[in-house]
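Once you scroll down, you'll see the structures, which are given as structure tokens.
Same chain, two partners: chain A is paired with chain B first, then with chain C.
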Partner chain A sequence: MNGKWNDCFLGLKIIQFLIELHLEVDSIKMDEEPERAKRWEGGYERTWEILKEDESGSLKATVEEILFQAKRKRVFESHGQVRLGMMRHLYVVIDTSRTMEDQDLKPNRLTSTLKLVEYFVEEYFDQNPISQVGIITTKNKRAEKLTDLAGNPKKHIDALKKAKDSTCGGEPSLYNSLSLAMQTLKHMPGHSSREVLIIFSSLTTCDPANIYELVKTLKALKIRVSVIGLSAEVRVCTVLTRETGGSYHVILDESHFRELLMFHVKPPPATSSSECSLIRMGFPQHTIASLSDQDAKPSFSQAHLDSTSGGPGLSMGGYFCPQCQAKYTELPVECKVCGLTLVSAPHLARSFHHLFPLEAFQESPLLLHHTERFCEACQGELKDKSVFTCPSCNSVFCVECDLFIHDTLHCCPSCIHSRSAP
Partner chain B sequence: MSAEDEVSLLVIVVDVNPIWWGQQANREPQFTLSKCLDAVMVMGNSHLVMTRTNKLAIIASHCQESHFLYPCKLWKSGDGHGDDNASTSGDGKYELLSVANDFIAEEIKNLMSRTEVKGNQTDTLLAGSLAKALCCILSIKMHTGQEMKSRILVVKAAEDCALQYMNFMNVIFAAQKQSILIDACVLDSDSGLLQQACDITGGLYLKIPQKIALAQYLLWVFLPDSDQRSQLVLPPPVHVDYRAACFCHRNLIEIGYVCSVCLSIFCNFSPICTTCETAFKIPLPQVVKSKKKKLKPSTHTCK
Partner chain C sequence: MKLNIEGLLVYFPYDYIYPEQYSYMLELKRTLDAKGHGVLEMPSGTGKTISLLSLIVAYQREYPLEVTKLIYCSRTVPEIEKVVEELRKLMEFYSKETGEKNNILALALSSRKNLCVHPEILHANIIVYSYHYLLDPKIADLVSKELSKKSVVVFDEAHNIDNVCIDSMSVNITRRTLDRSQANVETLQNTILKIKETDAAKLKEEYRRLVEGLKEANVARETDIYMSNPVLPDEILQEAVPGSIRTAEHFVGFMKRFLEYLKARLRIHHVVQESAPQFLKDIFEKVCIDRKPLRFCAERLRSLLRTLEIADIADFSAITLISNFATLVSTYSKGFTIIIEPFEDRTPTIANPVLHFSCMDPSIAIKPVFERFQSVIITSGTLSPLDIYPRILDFRPVTVASFTMTLARTCLCPLVVGRGNDQVAMTSKFETREDFAVIRNYGNLLLEMSAIVPDGIVAFFTSYTYMENIVASWYEQGILENVQRNKLIFIETPDAAETSMALEKYQEACENGRGAILLSVARGKVSEGIDFVHHFGRAVIMFGVPYVYTQSRILKARLEYLRDQFQIRENDFLTFDAMRHAAQCVGRAIRGKTDYGLMIFADKRYARADKRGKLPRWIQEHLTDGSLNLTIDETVQLSKHFLRQMAQPFRQEDQLGLSLLTLEQLQSEDMLQKIAQIAHQA
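And then the complex of A and B:
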């Protein structure tokens, strides 16, 4: 008796999930066909027919299938041999207008957005270590910069934490926030990719001038604007993203919001008009000096001279710029004295997996593989319905190892053994 | 105190490169592969004995494959069989330890006798063993519901292989993301890759001055876990050279030029990138047109 109730409850959850999946597919197609018929104009889709009961009346098999699909939900498109924009200058515009006090995202839209943008900033610097991010907020028909374009995640995260206490009010202004972002982005060098990501919750915008002129200017400056909507689709955003080559999505719930943000962490394909150039960079050595060294002298780092936060500024070791010997405590940083970009070799190595992406593994049912009973990577038994085979070395992996290999590891453990990779 | 609930997993990756160990047997007959594995077994047993919930895994890194010495696949699939076949040790040793030691000895004997070194592949496949270790840690983490702290200890004998650089860096970043420490105990020559790994993940790097005392170094330096290490006086961190090597000469450079498309590093400016063959835009000096000055008729005369 209890089992039936559990199944019904699960069934309802599954129907909800399937409806969300259908809506998501529709929203992805949105910007490709601007004059497509709306969802209520189409016919009915019978989503409940996907659920099938087996002989004993339980939905267990269908539930397992759907959970398995959920694990594989991420659609990763490997770009293959397409050139990617590695050095990115991204502005995140956060709408802090009256509509952000709405409580459909818990506890309210603003707190939830700020938390997710913090997570986004950390992941962004993890995948794009030589890129920069700046944050702009817009409310009361004005826009102001929260943080400048910088390559250090700490500053942005501190500013986002402080912004949680700020009040929301008024209407946002798309024109003002875009022109503020444009003022800095137009001076950025040609080889970097210039992007703006707008998190837009209001349905209105208050602009001092014609925004379509601004869209033309943005297109000429090769700035790519993407929007994540929190309420509903707004036509001006559709036009803006279509003209500049960005993407527009509207969220369904918090987990969908997180997924859409993570979609922007990967470097986008570079436009054909971006220039390629050789960038001069410095690779400073890290000196660790201790008090017992006779030559060691404590010194201030350049970052501490400007910051107002407390704490001892003197430190013994650090990174010294090879051109002007200015000291810094963290990398990557742009030297304030001589303008040289300072990075370390592991920072560049973090981006290599974008250049040599791993192929997707082939899925096949477990029944075809009689001989292998263990996953090659984790040595665990193969219990799932299907297994994944690497096309180059034909080794068999389980579902969790496949996800881990493609998301985090970026190299096949067996291919490393069979051939020596570059 | 949740010390009872916390599971700590130690994965030991032992470099069993047959060529290096063969040469080692000629150089120093008193320290051979079997002595090294004895020390590793002592380390593994000590880790299992520290807390009841500790777990252990040992991987042997060969030049053709990486093999799990412990836990054994066959043992995992049928739990009952393992207990029946294991001979109870006569000296009253804790069953778990004696079974583990027997398995390790058995597996390493099989591994060394069945593999033949062919061709010029004489480098230890360390990156592959570390990748398998990470997947194994992840799967064990998923099967135990409790929070688990894990670390990897690498006992390295042979030299680095420069061809594995990219895979190695991928593995290091994956370990850093999962908060897994990588410690390194180096027997012979310094390894730049392992120094970077220990620095990035927060582990310890140590090059042993006397190989015979391996067991002592392992127990004193590498047995305590990360929480306890802050209370101990341990060998200081080494200076890691993070300079990049240029792609044309393989020299370490301090200032270089980086291609914006493929991120290859060059020491001198060149108009074409050799890796991705993109032609670069050469920044030309800007020509400033001089403005024609209108001369006003002046009336002063030179004296």
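And then the complex of A and C:
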């Protein structure tokens, strides 16, 4: 096989080989602590109602319990061996109606939402490198495409940044947004997962026709619609998501909103009827012509040709499509010339853990562990009342490390260590 | 599942049971054991019907000699259908569990098209029908008088039972009634003439029978075959029909005279109110009609109609009404009042004289029921305060209990809004009713709520006139226009067809995400019979306290009577009546444990202990001091928070063990102790 020509099929072997790489990439990116809204900005809370005194009249026990629960608060949904829709085509519909001016999210719903969606887009491509996203906004009873379905996060993020200055007004239209998304999604290949994620702030929708007819069509086209509500549970969304197999959540506050959005980063289980197929992909290497090479000339990237925005577009090096030699500066991308999906190997590796998630660690009270006084990972003293044990290597971890391992690392450091040791 | 309720094996056709259902069955069993009457309050949507049915059916099977029949009275046809549906499930479960063929016969009387005349139905074990079949003396006599003494009678949704009793005994006579009676009398006369020519013997035979008197009926009553009928008082059974109305012609003449007298009485220009004895004295002086023949009127007419073999009795409803009135007015000297009004209050210029013969004592109509049947159960979602029903219905219950709803999450959120954002008190009090600031604040409340509550909102006003005034004022202030940007607005009207149309469209708007507000009236059709489950009613707003229109003379007379006879103060009764209607209205939003809804009481008076204390316990226990006398802003904050909380995923597993029990969970000691606290003895 030619050194430049890394054309191969998505296979298990490569993924296994690349896991080490992936580890390096991910562990650098530390998850910053989600920023909680300021106390005075939050809603009206009755915090005193949660507190209960113990027998001696002390509140200490409940306070500790609450803190502990907050740390553990996340969904442990290991699908086990379920087929996942790894290749996703997702339309994010953002409601930009009058209600988005509400200030219960700071500074207002629109700004807060756009900021989170930006973050979401980044995460999404990070975790789903071979997937695409498009953004639709809806206001004044109309729906507009902000960006088309594409695999380049930069374009979306630019568009989202620009949208911050737009005004909100009128009512949203679920029907128009969905049919706009449907027009594109229905042409997507059968093996891809077709999804729509609606961020819905309003409590009403203004539709030109009966939305339940549209729901039937969506269901027939296997388009999965999920909704994140910003204010309250609306009936039509309940039905819409239930019928199409999506999820419906309503946010409590900003950090919950972020959590719910992140929930959509993970690829959903594939519907049983979606096709299986092998996908042809190219793995181009980044080549930079050395300065000494007199023949080297800066060239345009194919992706920049039709983009109106962006810098000069001329650069020395880049990724060259293994099939047609078209140049791109960023991956992943679908080759404009020959249509080949171009990805880099670390990208693919990142999707790996979705298919083989790390098993949940067993929670047990600290009292049962006399021998281990320190966490295997951070070497800190075990203080919380529960500890977590890896089922395969029996190492003990604290809560923080357990979270970090499952959310970010996706493999048990102790297991890896024992394996690589000679 | 199979339950053991104090030694009684009860088949319960579901895998899970609510703790309050268990508690309810316990109380019910104790009532049946004591062979007494009971008043039980349990919130709607917690499975009252199935608890009642499964326990009583089990009791019947266990002690077939003690309880022979279950008579289940409900209010409307859809409710009857619901009962039958549950019963069917129970029967299926029985035959599945015991393996034997179903030997219980149930009968539902809903409408004429479902009528069955098979003689076997007389032996039905369970009868489901409307209140009127038992309470209305005109119908009860046809349908219910042969029911066995050892029956258990259940009145479901009985919070309005006193009004049903009163309505069934009251008579309103207008000019039209008199005209139609006149026509009826003419027909009778002609028929009598005809019969006389063809079959004179028949009339003679009737005459002979009347001389004999009503001995037959008397014998029947003494041997306890029939239930007594309030229109057929005891005394007249002992006597023969008086000679003055014994022959058919004489009776017709007598009726003519009576009608003429009534017509004369209706020709007045001022309001007259008098008692029954006064009326009798007047009639004797003016047209020489004695008390005695009047008392036999109803029975005599019935006999005549039978003799003349008139098939369609419905044609003679007018004259039957008049004869019933004659009997009632001459039988009861107490508990009734006669009011003759020359015109309606609203249209003083149009002459429309009405004679109200109004019953003021609900115990008269229901007395035979309590006397005849060994156990009568009165139950509803809203019966608070519980002690008042035994007082106004004049009976002595052995169990009086209120059950709360055990909840895994607080799915109801009662809030009392007392002030606007400008601190002006919100109230529908008469003095400030026209106040511009109050109306504006009410408008603001609706506007704010329409922006944050999803799908459907139901708003109740105290009366049609009040609603008209407020809505007109909102229109002028531009509030309606703003509300309409959030939701569509529908209005209930006194016209039934219009209202059902509005309701249909309202539900459609809730269903497809447009969102809607239904403006309706407490005591109206919407407030009583229609459930707003889930998205059809996420919030109920009660604008003002729904006091009954106190200027009505009938009501005044009734209040006076209550004070004199039952020592119930006017104000207590009015508040009780207002609060039970308010509870009914706000209760529309919650129809089960998976449902959720806001209950907004928009009047500062609700915060007062005398009002608050009269709400059902299951609402009261969620009405904390923190949710009283709020401003609109505070209400909006609390509501937003509540709606977000409720929108979080809620599954059956969350309820299990708390508000939903399996058989094992039910049998644990802890749970049994908890259950004991659910029932609250009044």
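FYI, the second predicted complex is superposed on the first by the 356 of 422 C-alpha atoms of A that agree within 3 Å, B and C clash if a C-alpha of one lies under 4 Å from a C-alpha of the other, contacts with A are read in each partner's own complex, and residues count from 1 in each chain.
What we mean here is this: a contact is a pair of C-beta atoms (placed from the backbone, for glycine too) under 8 Å apart; a residue touches a chain by one contact, two chains touch by 3 or more.
What you are looking at is a predicted structure, and each value in this text was computed from that prediction instead of being measured.
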| item | value |
| --- | --- |
| Clash-or-fit label for the pair chain B, chain C on chain A | fit |
| First (chain B), second (chain C), both or neither touched by A:Asn210 | second |
| Chain A: partner with more touched residues, chain B or chain C | B |
| Partner chain(s) touched by A:Thr371 [first = chain B, second = chain C, both, neither] | neither |
| Chain B versus chain C as contact partner of A:Leu174, first or second or both or neither | second |
| Touched partner set for A:Met86, first chain B, second chain C, both or neither | first |
| Minimum distance between Cα atoms of chain B and chain C in the superposition (Å) | 30 |
| List of chain B residues in touch with chain A within their complex | 64-66, 68, 71, 73, 76-77, 121, 123, 125, 127-128, 131-132, 134-136, 138-140, 142-143, 161, 163-167, 169-174, 177-178, 196, 200, 236-237, 239-245, 253-263, 265-266, 269-270, 273, 278-281, 283 |
| Chain C - residues contacting chain A, complex | 451-455, 486-487, 510-515, 534-535, 538, 626, 634, 637-638, 640-641, 643-649 |
| Residue numbers on chain A that touch chain B, as the complex places them | 83, 86-87, 126, 190-192, 270, 275-288, 290, 322-323, 340, 344-346, 348-353, 355-356, 373-381, 398, 400-401, 404-405, 408-411, 413-414, 416-417, 420-422 |
| Chain C contact footprint on chain A (complex, rising order) | 43-46, 99, 104, 174, 203-207, 210-212, 229, 231-238, 249-252 |
